[in-house]
Each structure stands twice: as C-alpha cells, then as structure tokens.
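What follows is one structure encoded as structure tokens, with my remarks underneath.
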Amino acid sequence: MTQTRNLIDENGKRTDGRTIDEMRPVKITVGTVKNADGSAFVEFGKNKIVAAVYGPREVHPKHLAQPDRCVLRCRYHMSPFSTDTRKNPAPSRREVEISKVMRESLEPALMLEDYPRAAIDVFVEVLQSDGGSRCAGITAAAVALADAGINMRDIVSACAAGKVDDKIVLDINDTEDKEGGADMPVAYMPRLNQVTLMQLDGNLSPDQFNECLDKAIEGCKAVAEIQKAALMQKYFGNETEVKEEQ
Amino acid sequence: MSTSKRSTIIVEHLRKQQMLEAIANGKRLDGRGFDEIRPFEIEIDVIKKANGSARVKLGDSEVIAGIKVETGEPFEGLENKGALIVSAEVLPTASPHIEPGPPDEETVELARVVDRGVRESEMVDLDELVLVPGKIVYTIFVDCSVINADGNLFDATSYATVSALLSAKLPILEMQDGKVVDTGKTKPMPIKTIPISITAVKIGDVVMLDPVTEEEGSMDARITITTSDEGFCALQKGYTGSFTVDQIKKAAETARIKGQEIRAKVKEFTKYGS
Amino acid sequence: MTQTRNLIDENGKRTDGRTIDEMRPVKITVGTVKNADGSAFVEFGKNKIVAAVYGPREVHPKHLAQPDRCVLRCRYHMSPFSTDTRKNPAPSRREVEISKVMRESLEPALMLEDYPRAAIDVFVEVLQSDGGSRCAGITAAAVALADAGINMRDIVSACAAGKVDDKIVLDINDTEDKEGGADMPVAYMPRLNQVTLMQLDGNLSPDQFNECLDKAIEGCKAVAEIQKAALMQKYFGNETEVKEEQ
Amino acid sequence: MSTSKRSTIIVEHLRKQQMLEAIANGKRLDGRGFDEIRPFEIEIDVIKKANGSARVKLGDSEVIAGIKVETGEPFEGLENKGALIVSAEVLPTASPHIEPGPPDEETVELARVVDRGVRESEMVDLDELVLVPGKIVYTIFVDCSVINADGNLFDATSYATVSALLSAKLPILEMQDGKVVDTGKTKPMPIKTIPISITAVKIGDVVMLDPVTEEEGSMDARITITTSDEGFCALQKGYTGSFTVDQIKKAAETARIKGQEIRAKVKEFTKYGS
Amino acid sequence: MTQTRNLIDENGKRTDGRTIDEMRPVKITVGTVKNADGSAFVEFGKNKIVAAVYGPREVHPKHLAQPDRCVLRCRYHMSPFSTDTRKNPAPSRREVEISKVMRESLEPALMLEDYPRAAIDVFVEVLQSDGGSRCAGITAAAVALADAGINMRDIVSACAAGKVDDKIVLDINDTEDKEGGADMPVAYMPRLNQVTLMQLDGNLSPDQFNECLDKAIEGCKAVAEIQKAALMQKYFGNETEVKEEQ
Amino acid sequence: MSTSKRSTIIVEHLRKQQMLEAIANGKRLDGRGFDEIRPFEIEIDVIKKANGSARVKLGDSEVIAGIKVETGEPFEGLENKGALIVSAEVLPTASPHIEPGPPDEETVELARVVDRGVRESEMVDLDELVLVPGKIVYTIFVDCSVINADGNLFDATSYATVSALLSAKLPILEMQDGKVVDTGKTKPMPIKTIPISITAVKIGDVVMLDPVTEEEGSMDARITITTSDEGFCALQKGYTGSFTVDQIKKAAETARIKGQEIRAKVKEFTKYGS
C-alpha cells in the first residue's frame, strides 16, 4: 500500500474524526433473523452485517458427518449492493478465503465434540461493507453462535489495527485500508488469551508489528464487552440500547 | 431441468390439520381473513452505499433491495432505452431449507416475476436513461437479498424493489470528451407508475392472499397478479395445481383493489411524491 | 411494451394476414422420435418443436424418488439456431423459468400417484422459435405424454391471447409479441375446465383482462381438437394430414 | 478427466449373442453387408431462421444442423481468415441414456471430429470471409442438435454439417463508416471441396461400416476417416480397443471409395452445383 | 492447413535442422514424482511433461466401481505457462478430447481385469508444450504405468508423422504442425502390433497416407526403445543417462 | 462455503505417536530442529516459453512457477500501475488426496497468501509497468503448478514465485500508432525488494518451521509470516487452532531472522544482482 495523502491531521484526528485509539461505533442486536437458531445484526462503522446460525442439525449429504464431532460450515458473502461498485453475486476468491479463515477463527471456541454426527452452519451476509468487514463478521457470527445456544469455551471477538501515516491506529476504516500503510485483522478469545485469526497486509517494522498486535488485542477486548452486553440484553433485558461510541 | 418434489417445507401433520380445519371454518391460523394481508413496514435508504435501497418486512418475511447505477451498452433491440435488471438471492440465513449456491429455479422465477412487474408496467421511464443513443445508457441493477423467509417472497421482494426505485437518487452523468463523467449531482429516478403485486394461493377450494410459509406448504396453486395505476401489467400462475377461469377473474379483481391500498401505503413509507 | 406502428390494418388484418380471432396454422405429428417412449413434433406458426418423453422409469439418483408418486422432470431448451441471433446453448434464466412453469402446467393432468418411485422426463426442444413457443411446447409435451401412455386426467392445451393496437387478439406471433401491448399465454385442461399455466406481460384494463383470458381459453380448446386428431390419427390412422389452418 | 466405463447402452445378452453369430456368418442383424451404409435422407432449409440448415436421417439417427452467420474478431494467428465453429449437442430426446447438461467428453469429441473434417479439408474458403483484415471477419456457427440416436452420430452429424454449409445463404455484409451493414443480399457459402466422413467399428476381427447403437454396444474400437475430393483430410480412432496397421489401411481405402458415393448423394440431396 | 513458406531447405534440412526421418531428442526419467505410485518426466523436443499414476486404489464415489475390472481415469492438462500465450487453467475442449483419446490409447495395454473394483488414475501435465504433446504425454503415461507396477500386455509408444513441403516427415514440431500440411499422431503397442491412437489433421493422398502411417509406426518403435531403456535404468541402474539424439 | 473436516491426510496412528514422542523430546522425525528448514534448491529458466520460471524443491515438495507477460487494462482504482496476478494449482500428480477440478478453498488460500506477500511488499515496481496511463498496462501472470506435495506448500510456492520474478525477462513493449508492439528486446523485471515467507505450525505447545505433510496432519494451527528487506509485510494464521500473543511475536522474530538467510540463498540460486 502506498500512501499518498495525510490521513491523520495536525490535531491527531483521522479522516472520520477519530483519535488513533478510538474504535468506530459498534452496535449489536441479537436474534434479528426469525427463522434462525441464532442470529445477530452488527453495525461496525458503516459495516452492516447479518449473521445467522442453523444447527446443530443433521448433515447432508450424510457421508460428510463425523462420528465424534460436529462439522462446522461457514459462508461469508457480500450482497451485490454492499460495495462501492456492484459486486458480482458469485463468490469471489476473496470471499472463499474469508469464509475459510472465519470458520477457522470460530472453531477453537466451539465444543464441537458435544454434537457428534451433526453440523452447524454459520452464514454471514455483508449488507454494507466498510473496512474490517471480516472482523465485524466474526464478531457477529460469535454472537449468533452464542444466541443459538452452542456450547462455547469462550466468545470470539475481532478487531483490526493498522498503520496510517506511520502511526499504529486502532480499527482502520475503508479509506485507511485503501490508502494506509498496513491492516492487521485479529480475532481473539479474551478469557483464554488465544489469537484465532490473524492476517497482515502492508509493511511494519518489528516494533510496529508488536505494537499493532497489542492494539488489535485491546480492540478485541473492547468488542468482547459489547458482545457480552448485547447477549445480556437479549436474555436479561434492559432499556438502554447496547451501543458503544468510544 | 425442472424437477417436481414434495414441498421441503414440512408443515407438521397436526399443525396442517389445524390449518385445514380453520380454513373450513373461514379462518386462518394467524386469525387473518382470506383477503387480509399481513402488517408490513418499509424502511428506505438502509444501504448508504447504494443509489437507492429499501428493507421490507412483510410479517416475518424480510427483504432488502439495493440499487446500483452503472453505465453500459443498451440491450439488443432496445438501443434507445436504459437497462434495468432485477436479481434476487434467497440468502441461506432465510430459512433452514436454503442451500448456498447459484439461484435455483424458484429463485430464478422470483427474480423474473418481480422484474416483469417493473418492466411491463413501465414503472421506470427507460427513455430518460440514455446517454449516447444506441451506445451508452444507464444500467440500473436492483439486487434483492431475502434475509428471512416466512412466505410470499414474491410480494415482499416486489415491494422492496419498487420502494428502492421510488426512493433512489440517480447520479447525473454526462458525456465529456467521449467519457462518462459523474457530475456529483443526483435526481430522482424517472417514475411513470407504481406496480404492486398481490399473491394468492389456493388451498382446497379457498383462495387466500399473502400466504405464510406453512400455508405455502399446503397450497395447491399460486397466483401473482401485478397492477399499475393503469390496470393489469403482469401475472404468474405458479405451483402444480390449477385454477378455474372464475377463480382467476376474481383473484384479478381482488388484486386490483388491494393493489390500490398497498400502493398508497408504499407511497407513504417511501415519502414518494411528498 | 411500447407499440410504435400499426399492427392491424384498416381491413382488420394482422401483420401475417390473420384476423384477430384467427390462429396460426398448427400441425402435430405423433411419434416422431424413434427412441422415446412418447413424442410429438409440433409446428405452430413458425415454431418447430420436438417433445420427447421417457418414462415412467427408475429415478437416478435414487434418493430423489418419492415413495407414493412419480417425479416429473421437464426441460425446455432452444437450439442455438432457433432464434434470430444465435442463442448460447447454456440454459438461460428464461429457459429455467419456462421449464418450471411448463412442468407445473403438465403436472395437474398426470396421474403421478400411479407410478410410485418412478420418474417421467419431458424434453422439449425448440428447433425454430416464434411467438408462443412455451404454449407450443406445452401442447407438444402433452401429446408426447399421451403417446407414452401415461395415465392422464385430461389433455393440456396451450395458446396465448394478447393485445395489439389496443384490440384483444388470439395467438400472437413474434412481431406482435415484441411490438404489441400484451401477451397472455395460457394452458388449460378442457374437460376439467382448469387453467394450469397463465402468465401476463403487458398492460390490460380490467375488461381487456377478462376478454383476453376468455379468448386464450377458446384458443386452448381449438388446440385440444388438433391434439386429439393427431393422437387419433396415430392410433387409428387416416389418410388426411392433421392440419389446422383457420 | 476422462473415465472408462462399461458401455451404458446395454445390449441384452441374447441379442448380443445373435449379433455375434450373425457376424460370424458374415451378416449383420439388419441384413446389411459389412461395407453397407444404411439408407439416408437429407432435407435442407428446414430452419428458416438459420442462414443454412439441414436435417439428416441416417437409419434412425436424426440430426439437424443450423448455421448462424455473425461477425467478430479473427482467431489469434489466423488474422486474415473467417472463423468457423462447429458445436454439437446430443439432445436428451435422443436416447434414454442422455442426461441434459453441458457436453460430456463423447459430445466434445463428436463436435471436434466433425469440426476437424470441415476445417482440415478447407471446405469453406475462409479467405473469402474477411471484412476488415485482422479486425472483422465473418464468424460461421454451425450448431448440430442430435434428435434421435441410433448409432454412428459422427457421420450423421458430419453429413448434416456439410449439407447445411453447401445450402447456406451467406448474407453479404459491408463496412460503412466503420460499421458492419447487412446489405440484405446473400450469396452462396464459398465452398472449395466436400469432406465426407466414413465411420467403421471393429467387433472381434470384423470391421463394419455405419454401426447402429447395438453394434456400438459391442464394438472394440472405432475409426472415422474423412476424405475430400483431394484425398484424406481427417481421421479419428476411438474407443478402447485397437487396430492393426493393415486394418487401418484397408478401412482408409474403403472410406475413400464409399466417400465418393456419399459425396454424390449429398450433392444430389442439397442440389449443390445444380 | 495452408503452407506459406518452405519448411525444408535445399539440403533436406527442416526448420530445426533435422532430416525428414529424424526424431527430436527424447529424454525419459522414471520416478520423478515422489508421492505417486508411478511417474515419469519426458522431454520430447521442447515438450516437458510429467505423468503420475495413482492406483490401483479404491474408487470414489463407490458406485463408479466395476465388479469385474478396474476403472481407468485420465487427465491431460496444460499448465498456464506451457504455451506461447497464457493458457486459461480451466480445461479446454481440446484437453477434454485429448484426455479421452489418451485414456483409450492406454487402455488396450492394461490388464484392468486384474484389479476388479479398483481405479487407476493417470495424470499428465504439460509444463512446456511443443508439437506432439499428446504423443509425448502417452509415452510418459505408459512409462508411469509400468513404474507403478500395473500389469500390462505391452508398452504403449507414441509418435507423430506428418507432411511438410509435400514430403512425409517423422515427428513434426510446433512450427511444422502450424504451417505444415498434415499431422498424424499415432500410439502403438510394438509387441502386439496394434495401433491404439490415431488421428489425422491435414491433407494426404492415398499413397502419402500409407507412407505417413508407416513412418509414424517406425517412430513409435524408436520411442519404445527409449522407454524400455529408461525403465531398465531405474530398475537395474547404469551410469549413462538414457537419452536419444538421433 | 467453508467446511471443517478431519485432515484427509491420515498419519498412521503409530507414526503419529512416534512424532509426538519425538517432539516431546525436542526432536522431529526427520531429525531436524524445530527452527530448521529442509534443504531446498531452486532452478531458474526451466520453462523457455515463459517470460520467467523457477522450479523449487523444498524437501520433497516441488513447485514450478511460470510467468507470462501480457497487456491489458489496469485494475479499477489502480489506473497507473501494472497488474500482477498470482495463481496456483495443486496438480493431481502431487498427492493421492488431490482431485482434479477448480481450485478448492485451500488452493485459493495458498494463491492469495503468496500473492499477498508479493503485492504488499511491493516487490515489483508496478509504477514501471504502465504503457498508457489509465488504459494499457503490463499484466504479469505468475502461475504456480505444485507437482509434488510434502508439506509447506506456502513457502515452496512463495519461493518459486519470487525466484521466477527475480529471473524474469520483461519484454520491452512500445506503443506505435495506438497499438502495442513488442520490440523484441527485454529488460529485468523492476524489483524493489525480496519478500520471503516463513511458515510454522503448532503441534501441542511446540512451534516448528517448515512442516512436512505428516506434521501438518497433526498440527493445531499454522502461521505464515512474510518479511521483506524492510520488515513485516504479510501474515496469515491458518487452521483451526490458535496461538498466544507471545507465540506469534516469537514466530515473527524467527521469521524475520530466517527470512534473511533464505533471502540470501534465493539471491544466490537466481543469481540476482550478480
């Protein structure tokens, strides 16, 4: 990525007015898809993402079933209207890869051995995309899995950090992703202190690498609190909307 | 190849019995009359990245339509008209019975019936969407994502499409030195009429509007009738049963009257003309 | 559809010389495909259509079989040379939809419960297309099914009516379909008085709607006579060619 | 990936025994000699919407070929030649063993062998089919639909293709202001020679021409040899058996002689040159 | 094929300096693919081809298995960088056809009845293509099958002959294939004297036809010697590289 | 849709036990240390028809990368840069577990991770690959064919790609009268840095570099870290397990140091800069 203009101004503000440690507003609503066994709607900056979980349920075709554990299936997909220019509805290589890393980021948290011969399907639809849609998608999927009552070792929370104007910043947005210097999406199990997804695009010195990872982890922890509050609200209810605007 | 199959949406036996008994007594399980449509709501501009968008909830069926405006060559034989293409995907989020993958024949039919209502009513004035006659025209993509399915996706998708078009902001494009340039300004989509589809199903001898999933699981036949301000513009009989001529004529009259009600509500929700 | 020129002249004649109540010439030949269990060749105006039926026969793959009835499968397909500009041989969305409504228009006439666990395949190939190819295809398929000896409650006969120069006319042709005001294809079981296919493209007032439907039904009834004569000729033989030129 | 399979066309055991006994006695089940081709008929101009067409019935095998003339870019490396593409579909009407879908390897081979006969014989003078050298040429699509299959689809499809080309009317196109314009006039396709394929199969040690389906069900190997007026132009050995060199040379000589007979008949049916 | 320039000079030399009866250099190395049950690397002129054999092994899906014999499967594929202009990696119609004729050319040599219910997979990858890649591929595949220890009636050896400047020549190369007058690839079992593959593109008089076939057979016999030597070298070893430069 | 499955590469139970015991004793089955990479060799210019090529053998994993240079339109949003596309196919020759067909999700990931290393490091100066700004640019296709698979295809494919690029000869193209003309001359690919990926897997609590197939069969998680001369440029955690933050930081430092070693060897093998 080659940066061509200043993305952080003299007051330390980013293009969307945030400070370098500030996350975009996050809003999570649980149980938005009526037919699903579990679901969540996540707005993370301008990302608008639906996650729905079906299962544990029978596997079709049957030979795909595993005798001692549950099969996890995952689809990340973008609606054609979700992007700046219309996206072809057929799955792109990018969507195939994200479906895979998303599944692998969720699997460590799930007690799949509790559901032998069954399948759990996780469907993540990006209705509007912004920087960090894979992190927002994982965050939504983890809440939907919890809403479906799947046995979990821990929640999975995801957030990216990155480099902009040679500074390490939290939660980079679309513009920063395209014009900035690096993007590092991370998914994390906060109780178990385990990284379940990590990618990097861009250039970081050794020191920046460590700082960026630490900052992403902090973001994940903040996301975890919002996930928890959203689930609490659904199951124990309260009047205030679960909304984080740091 | 089209293949017949028993409905995969299995209404449990008992529930089905209840439904048929209720119908015999002139009622539906959710208490509606046969000519009664579920409550619905429409929210516009839900997708800011789209040139127009709408989310429709018709009972528990939920559909988002988003519009993307591009430029391209006109269709063959329609050189001096803009292009308008309606597509649909029933997302696998929508029900336990949807497999991800390319659209199956039911989804193809869904998209084509919605497309036909918009196209045949001449809702959008495609003559206004030409940049260079015969060469470059506006191409309007309307993509519909069904998020949750509880019956009557035809009407839910149709209302989402119509609402997105009514509320869309068309970017004003100009030709400069042989290139398309976006002026940054917008104008409303050129609208000539508002097509409204009304779908009914036949169960036994009873015809009822706006079926939910479990009613569709017991239906013999389905009919979707679209009217514009001017009259009938599209119709699709579906499913493996049949209708008498009288049943169709009666359904058509119902669709015309109900269509007026719905049209008024769609205008209100989308603030069209206000 | 926007009409740009007169399609009915001062003498009430249409572009192909017909009156508004006149059907194009229809010719049906039964048993033209040697290998098929039943077949028919239909010329309907310039439409040239082959229908072939295989079955009842075993279902492959077996899990698609139904324990209490026969599976009906249907394909409507256009040869690449059948249209004004070459048609890509891959099935279009239009062909997928017509395959479906064609199947649904035939199914009410078939006693599928008489053939549990079996399949019946109906293949309709459009060798030359003209307006009304789906109606001609259904008409051919119904004759092929009868020729295959499938138990039927009734024949299925199909014909369109439409609007041209603001007049309701029978059996619209290619030019009228493209330039006229409305097209309403209908399939009908004449003995049972049931409509099994109905579509509408175009604009009709309430009165025109009813008139158009009635006219299409009349067309279906006329087609039924030609179907019957063609089947009679094959099974009871006679010298005169079964040909209708109204 | 190419997969070996037993013939799915099952000749019942008894029938096969009869056939093998007949062959041992120098006969075929339908009474033909080993070098005898079934009666065939050709009808041209059967598809008015095509620029050329022919229906061939070779015994009970029936094929329609239709030609569509378009314009396009030349093939890479062949900038100053028109383009000619032969495709084939064995319709699911043709036999109980055909599944609808994209062409399988047998159909790909069928189309390519027929294409090769036309291409290698230089039947059509592609030099005559150029509008703007290197940029715009005529593109001749020959599509073949096999309606009924009773053996030897190679020859039936080949004769249909050749007959459609011989009887085609090429629209006379001109360049005007950088655009292709159809003058409304036509001329015959520029023909240089007439390729004729002859297919033989080997069952045991016997080689016989023009096999029917049940003979193909017992064949060890197949050979298709195409000759033009000038000599041999294409050949394809097929199936999982083999031939001796002498068997091939003998088959080639037979193909050359039989080809002359068939060529004369094709000319007659298509009224070519008259 | 229309020939536009002289491809044989006044000294009887071809574009690559060979005489009309001279084969390009052929080099065969056995066992180059570690994981395969049998493999061979063949350089035939500028052709560079890997063949790998897996099997006999279980058939998936199982219903494809044959009770009394082995299923043979074959794939001929060209790497995108193998051709003058990049080849799309999806299988072309040409590759589908060659996969089929290659399988049919190998099958007569294999004792498939010795491995009932099993499958043998032959994968041929063209890394660099030159004229005659199908012949080189068959040659490689036959060696790989022998290396895999499959029971064989005979080796299969392949070579093309063709017509250049109206002369019949052995083993035509890329230029001669494109500009010459005819190409006749042949595969042959030398011990059994059986032709298992034969194709012809181009124009030959009856005499030329016979001469061309005879010449191709001579080429096949020469290839057989190189195949034999390569196999001997692997199994009985010797210091000299198996290389044929006629 | 991504589907979890048990590893199809079955390490026999006993062998796996041995491996785990060895690991517990600080060893690997092939005697390597945990931070030790298998011997590897690189041969360049193996495909003369390509504009650049390299064959890498990393242990028994073998990959050929070939480069084809074409021209085309630039990517949207990158109008003044050349295009570079890395693709990969794991050939069915490579292991008994590969089915021929379109790339599965593992192969898509492989190609995208290798592509990312090249792209994000800005190895190739894409600014130098523009012919007509915004309209015509060089398009560099790097295609990788995995011939034999014995673990760590990420690094083997990455080294093949990098080596092919380092040794490629870029045809010098020019615009003449609006057409691209090949001058027949070549120049080296414009290289700015050399990205080197290092892949490690975690088995139990041990992290080890450059896994062979049987180690991958027992791995809990995988991480691929790519460094250029300037620092870290790409990273991909894979597989269904997880890492602690400390494990990642330690792996990163190892990747940086090992990367320098490998980079020196790659330069040597490709004679880059000499």
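Here are some notes:
Residue numbering begins at 1 within each chain, and the chains themselves are lettered A, B, C, D, E and F in the order written.
In the analysis below, a residue touches a chain if its C-beta (ideal position, glycine included) is under 8 Å from a C-beta of that chain, and two chains touch if they have at least 3 such contacts.
Everything quoted here is computed from the prediction, not taken from an experiment.
Touch-path distance (fewest steps) from chain D to chain E is 1.
Chain centres were defined as the mean of their Cα atoms; on that basis the chain farthest from chain A turns out to be D. When the C-beta pairs in contact are tallied for A-F and for C-D, the bigger tally goes to A-F. Between chain C and chain E, the centres computed from C-alpha atoms are 52 Å apart. Computed centre separation for the pair chain B/chain E is 58 angstrom, with centres defined by C-alpha atoms. Taking each chain's centre as the average of its CA atoms, chain B and chain C sit 27 Å apart.
Residues of chain E found to touch two or more other chains are 75, 85, 121. For chain D, the set of residues touching two or more other chains reads 1, 100.
The touching residues of chain B, when paired with chain A in their complex, are 46-50, 53, 60, 62, 64, 66-68, 70, 87, 89, 91-96, 100, 102, 141, 143, 145, 147-150. Taken together, the chain F residues at the contact with chain A in this complex read 1-6, 76-77, 105-106, 108-109, 111-112, 116, 120-122, 223, 228, 230-245, 248-249, 252-253, 256.
Residues 1-2, 64, 66, 71-75, 85, 93-94, 96-97, 99-104, 107-108, 112, 121, 178, 184, 189, 192-206, 208-210, 213-214, 217 of chain A are the ones that touch chain F when the two sit in their complex. Listed in rising order, the residues of chain A touching chain B in the complex are 33-36, 39, 46, 48, 50-52, 54, 57, 75, 77, 79-86, 89-90, 121, 123, 125, 127-129.
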